[in-house]
Amino acid sequence: MTRKPVLSVEQIDKQFVLHTQNGAILDVLRGTSLAVSAVEIAALCGPSGAGKSSLLKAVYGTYRVNGGRILVRHGDDTIDVATAAPRTISALRRNTIGYVSQFLRVIPRVPALDIVADPAIEQGVTPDDARARAADLLRRLRIPDSLFKLSPSTFSGGEQQRVNIARAMAAPRPLMLFDEPTASLDPENRATVLQMIAGLRDSGTAVLGIFHDPADRKTLGARDIDMTTCGREETVHA
Amino acid sequence: MSIEPAGCRDSGYNFAYLNEQTKKMIRRALLKAVAIPGYQVPFASREMPMPYGWGTGGVQVTASILTPEDVLKVIDQGADDTTNAVSIRKFFRRTAGVATTEATAQATVIQTRHRIPERALGPDQILVYQVPIPEPLRFLEPRETETRKMHAFEDYGLMHVKLYEDISQHGHIATTYAYPVKVEGRYVMDPSPTPKFDNPKMDNCAALQLFGAGREKRIYALPPFTSVVSLDFEDHPFQVQAWEHPCELCGARDSYLDEVIIDDKGGRMFVCSDTDYCASRRMAASEAAE
Amino acid sequence: MTTPLLSVSSLNKRFGTTIACDDISFDLWPGEVLGIVGESGSGKTTLLRSIAGLIEPDSGEINYRATGGEVDVHLMSEPELRRLQRTEWAFVHQHPRDGLRLNVSAGANIGERLMANNWRHYADIRTEALKWLAAVEIDEARIDDLPRTFSGGMQQRLQIARNLVTSPRLVFMDEPTGGLDVSVQARLLDLIRSLVRDLGLSAIVVTHDLAVARLLSTRLMVMKDARVIEQGLTDQVLEDPQAAYSQLLVSSVLQV
């Protein structure tokens, strides 16, 4: 069975020109290609500096690539993130691509519950339903109810990470990007998060992530993509 | 009540003090003002032989419209016998030699400060107001460049801000004089510091009403039978003052009353501010009694 | 397909020999918050004031899609422009004293735009003013106090209430949190952010503070020497700045 991939990265290059450091040039991605389909989890592998996070950011549209195409299925259309207008990328992020960064960007004074409910509200879910969904996710991730009304700025790193994951899960999109979602979690929460990600996949989502621990990748049954070979070598965890 | 007949004019002055060129200039401004009711027309106000604040604007308007056949009445706060009224009357007797009167009904030109006579004015009469500050928006927007634009663009939200402030501070519209009006649904106008009691008299008035502000160099006008509406809120409609007692001299219940202190023991009485109105009522009453 | 709410094309403005805006073009889409960042003197405030019709550019077009149809801001008659400025638009000044009437009460400051739009029912105006005081977190008991008795942060919140009371479609903000201390800033930013979202406003925010830009704007334009040297989504510009000056700007932010 051939399934048209949700994401096809074709021969992308990403170079940073550091004007503030005498124009030093950093090549972070060179000719990288990969594809991710619905109902699968792909894991980016490789040592630090192999461009894993950069690739996620390029797919999300944060990093503007110097060459190649990043094709994403957006409804009935296919959009090339590499050339899309900012407004198109905004629309993609609202309805098609979700991204869970390593760190939660806290907004002063906004309670955890609202931070989690926000993206769902932007998708058109009623605020009440979005908050109910957010509360449910936060409880599953063992955030005590007493913290819901507080701004996460005072939360621990692990708590912030869980709020961040809940925020993405509350508004699932067909392509979900995860940057080390389990990095600062205890075993119990790590298991819950992995369960949630597997659940996303089972409900038809294409997942692309960075999972440091091989055990996690095994649990998820992920397809490993080796970034040191520009995505050409793959291992599938049975 | 009597007319003091026209007398001999001091020939050292041009008729009514101002030279003819100046009068022409002021008449042109008056014509423009009549043509655009409520609009403030700039004019080249002259130095007058009296200080600003003593009615130099009104005096220039009166001087420009007087004819030798006119009968002039001058009132200050409704009274014919106060210093300001007496001296302006004397001024025109000397420089124009016109007849003067205290009787509202007999006057053809009435110059006033702070009141409109109680007796309804007729189509053959002209009321000239002395105006200190012609710009109703002045206290909220001090920039003249801006207030002129606000008038031009009918951008009058600010006028209601003042009334809003009144209600928020006093529970009702506490502005009792110089109460802003809208003329023919267009220009917002300051009726000069007359009590708001007089505002309804301006509306649809048979007489021509002319306003002169000497220091501010502005003239504006209400032609006869012009619509003049006092600004208000739907839930705080415009209301005139009312008194519990009638005038203690003539018994009038429909006139504007002044509080008069009658001794140094706190004694006081309320009497008509319009001295002619009060006197003619008393005379009529005594004639009826005879 | 929707159309932009505002289209600026080839806008130029000089002051004598100084060029303040050099051939600037961009679109603003409905619901978008556009941040304009750059150092002092880069022309960002002049750009904002030109778009808002407060100063006349030397050349260029500013097309705004008003509820009644598209208009060119600088071809409109002054009364039309003023009507736009007091109904569909709002301008939040850096200094509250430029945007408030300090000699009338807080309630009258909020009510002025309503009265200018022919509200003539005192109790209704009062109710609306109270609602907006609550929305900007000012104690309702202060409704009859003069703004001069307010703190800087409160004055700024009052200015925002005064501007938003007529539900404008487009809000211009010039350094809205400049001059406020950091904790007050955070509160104000959160307030602006939620009002913009809840009311579905479009906004153009001029700031030299990248943190403000990141929090409020969906898209950023970087200005230097009167030109737009870079633009893109906020995270694109802040995380992957391309131009040398943008990189310098981003790397100059103190991390805490």
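For clarity, chains are labelled A, B and C in written order, and residue numbers in each chain start from 1.
Just so we're on the same page, a residue touches a chain if its C-beta (ideal position, glycine included) is under 8 Å from a C-beta of that chain, and two chains touch if they have at least 3 such contacts.
Everything numeric here is computed off the predicted structure, so don't read it as measured data.
Q: Can you pull out the chain pair that has more C-beta pairs in contact than any other?
A: Among the chain pairs, B-C has the highest number of C-beta contacts.
Q: State which chain is most central when centres are taken as means of Cα atoms.
A: C
Q: Let me check something: if the centre of a chain is the mean of its CA atoms, which chain is farthest from chain A?
A: Between chain A and the rest, the longest centre separation is with B.
Q: Quick check: how many Å separate the C-alpha centres of chain A and chain C?
A: Taking the mean C-alpha position of each chain, the two centres sit 33 Å apart.
Q: So the centre of each chain is just the mean of its C-alpha atoms; given that, what is the distance between chain B and chain C in Å?
A: Result: the chain centres lie 47 Å from each other.
Q: What is the distance in Å between the mean C-alpha positions of chain A and chain B?
A: Using C-alpha averages as centres, the distance is 78 Å.
Q: Do you know which chain B residues sit against two or more other chains?
A: none
Q: For chain C, which residues are shared contacts with two or more other chains?
A: none
Q: Across the complex, what residues on chain A touch chain C?
A: 16-20, 57, 61-64, 86-87, 89-90, 107-110
Q: Show me the residue ranges of chain C that touch chain B in the complex, using the header's touch definition.
A: 78-79, 82, 86, 101, 103-105, 107-108, 111-117, 120-123, 125-126, 143-144
Q: Using the touch definition from the top, list the residues of chain C that touch chain A in their complex.
A: Residues of chain C touching chain A: 29, 32, 186-187, 189-190, 193, 215, 218-219, 231-233, 235-236, 239-240, 242-244, 247-248, 251.
Q: In their complex, what parts of chain B are in touch with chain C?
A: 140, 149, 152-158, 160-161, 164-165, 167-169, 233-236
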